[in-house]
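Next come two complexes, and both contain chain A; in the first it sits with chain B, in the second with chain C.
Let's look at the complex of A and B:
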């Protein structure tokens, strides 16, 4: 690592490292009931990950989240492309969409649990439903924001409908679709945890809630920290995926404005 | 070098005539074009000039079938234009907005052929040949944003020709390029046209460019716009940026168009 990269690395990481170190040392040896030391939290986290159920539960939670997200991304993108492209459809769907999306997803959790029972299905459903909105709305915006020049080009060269969707609309809307997915990932994480607070017997959310109910504070904290780490890792991974998938977009907008030869 | 079924042995295209008949276009109460007549004969190069905002782009959009006229009609070979035709290729001023940044240069040129159902290997072969023809042989795998403005516009020209355009509609295609690049592209289009025999309708506000490139210059003026003059440019097929532009006849043509432009009866 050369000096410049080291400098950038330090500039990026000094604050989080300082915060964690601060937490670690300030909480060390001062074991209050509600705020156990970071050392203890991490020890419990490690213990439950390696010898307890937490790792397996973590896998189940992630599986639900992945399934819910996948459904939301596929459905949100497909329906969003159609609604964005066809004016009549958009006009018909807008009032309904505005009503449905204003219902906070967390509010329907109890309803869904009652209706669908325990197990993975209701959780996946809740995550998919909540994540559907940001993907859908961003996709619609993305399609509507396609520059008129590009539309003219597609029309002038008589690009057939299926090809237009597949190679033009999806791609032109992709920056917005990705922005929607980024929001959806954050939403999915929230709903993944909340959906496991009710009618669950496995999962990270269940782990947190169950620990809380028996006042096992280090475990409650451990679950929370795990979710935090998960959220961070997911968004970092997604950022990389986005940079890679949208390389053309970032390059294109960077050179935007250089005119002439 | 072209791939047309209707080409003869020499490879020259046989474009159909374009006839504009009493074409009017208004947006609400505002008339943009009123009762415009013009025609473009097979293989002819017609420049349409007029001051900014006179409705040149509107006319071109009606000609291409992207926009329906309010009244009157455009016919190609007697067939009324109601939607973009397969034999018309468009080159827009905003090359950046008309090329797809997620596709390589090759894909951009080949894409309209995919829409026609041409197999992948075949359409890429055709696209490569045309890229080669516009001097971009080495840029096939590059993305549009890796190319200069002039090169991007060459891609757009290659795309229109690969699409088998018999009639090229160009909307201020060189307007946002620097002078040197513009001259190079003008000559490229003239060269290709001499070889292939396609018709060209060029919309421009640059009078020198209009006269230099065309067989006929149509001058638009007024609100709503009509044709106020048509100038036949009898300078032959071979044009040269220096020799042609210093030819006294060129200067006369140019002055006649210019006088129409600024509204004095110079000629």
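Let's look at the complex of A and C:
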């Protein structure tokens, strides 16, 4: 069992490790302006994380992201449950929703920054707005996908409305809601970075952009590497959470094949 | 029945407009932030005639399409390779997971310094962002062969090339088409995102300029144009997809 686990670990990680090692050794001592050595990038990253304010900025960025995501998840799930449950409402709202969600969130970043100033509030607003759509649309799909047998059971037992929403709809739509949140996390990361390119004085996005303006290549690379690690860690953590929350679902659906992306 | 649905859909849209108007007349919205809807509509009707409109449209559209094309050219063959061979799939899984969770827009500062503020830079970012949905869908598609088909192919000892072009690729096509549909809508979002930050002809640039010139209504109108462009491109791809996959739809319906 342990040997098999080790083998799987090696299979999953040999290529990334080889690539990073290749980057490290090939770039060692061959510093060019645009492509500093990996050693230098990591040294700068470590320096700014430990002695600079990058760690604190990192915290601020993550805080904005968490706040925006939380608003989007609460609003998207509640409105999604409502729209998904009432078929007439869903069909009537579909054109308006399709139109509104096609507005590129990145394009309104400068508008919102001007309107709300340069603090955290506009950044949280933009993240919440952009993440609202994937959560909303997935929740609607999740509620609509509830099997008719379940609906009949609810009707037969005359389960009251509040209980129906809390214990039946949310639970049945949960896999789809989680899929929506997974997309929302990726969206939030993008908007977090873009929003910090504008009128910001703190944050990881600001760190990268400010380094770029000084033509400080190692710092620009260091910030980008940090964002990459952050994205990977967040999605890996969320996958864990999803597996744990939805253990009952994955066990159930194993016979029906796994769901696509 | 259909007329009733249209009426209901109109009612929801009207409610949205009414909320906007209400926000304006009660001065709950600051007009410098959310302009009156009438101003936005009239800006929308006039920006078409501006000399910078067509270049902006072509800038966003052309770079988005170029990015999707490059992403498809790289993503489909790589996805087939990864999806067909389990050893390749498990070796690349960590890399693919890393790439799909990477916010591509964060690469922009590095690419601006290396490539410069050019269309090539915008296309590169769009291509990287579109690469992952296409790659992932292609991997799913190549992996999802029905066991009965696999057995049939093996029983008849169908040669590899024939198997690839007549069995695996057609089976993966519906998934690849989905990947391209996602990529098309991503491409406009990313292109506009790049343009908002860096001045490379497109709707994002015009949005930002209008905002700087205090023409908030025009800025709203340009943002709306970018949204409509995204919808139109997705719609156009769905038409192409319906033609390409007619055999699949027919088989699925039967």
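Details
To be clear about the criterion, the second predicted complex is superposed on the first by the 253 of 261 C-alpha atoms of A that agree within 3 Å, B and C clash if a C-alpha of one lies under 4 Å from a C-alpha of the other, contacts with A are read in each partner's own complex, and residues count from 1 in each chain.
The rule is short, and it goes like this: a residue touches a chain if its C-beta (ideal position, glycine included) is under 8 Å from a C-beta of that chain, and two chains touch if they have at least 3 such contacts.
In this text the structure is predicted, and so the values were computed from the model without any measurement.
In the superposed model, A:159 makes contact with chain B only, not with chain C. Legend: residue contacts after superposition of the two complexes on their common chain; A:110 is shown touching chain C, with no touch to chain B. Within the superposed three-chain model, A:12 lies in touch with chain C and out of touch with chain B [touch as defined at top]. Applying the stated contact rule after C-alpha superposition, one finds that A:167 touches chain B and leaves chain C untouched.
In the superposition on chain A, A:3 makes contact with neither chain B nor chain C. Contact with chain B, but none with chain C, is seen for A:150 once the two complexes are overlaid on the shared chain. A simple residue count on chain A separates chain B from chain C, and the partner touching more is C. When the shared chain is aligned, chain B comes close enough to touch A:251, but chain C does not. Overlap of the chain B and chain C interfaces on chain A comprises residues 260-261.
Touching chain A in their complex are the following residues of chain C: 5, 8-9, 11-13, 16, 30, 32-34, 87, 90-95, 97-98, 100-107, 109-110, 112-114, 136-137, 140, 175, 188-190, 192-193, 196-197, 203-204, 207-208, 211, 216, 219-220, 222-224, 226-228, 230-231.
Residues 147, 149-150, 152-153, 155-160, 163, 167-168, 171-172, 174, 248-249, 251-252, 255-256, 258-261 of chain A are the ones touching chain B in the complex.
Residues of chain B that touch chain A in their complex: 61, 64, 66, 83-84, 86, 88-90, 92, 94, 96-98, 100-103, 111-112, 114-116, 143-146, 148-151, 159, 163, 176-178, 180-181. Residues 8, 11-16, 19, 34, 88, 91-96, 98-100, 102-111, 114-115, 186, 189-190, 192-194, 197-198, 205, 208-209, 211-212, 215, 217, 220-221, 223-224, 227-228, 231-232, 234-236, 260-261 of chain A are the ones that touch chain C when the two sit in their complex.
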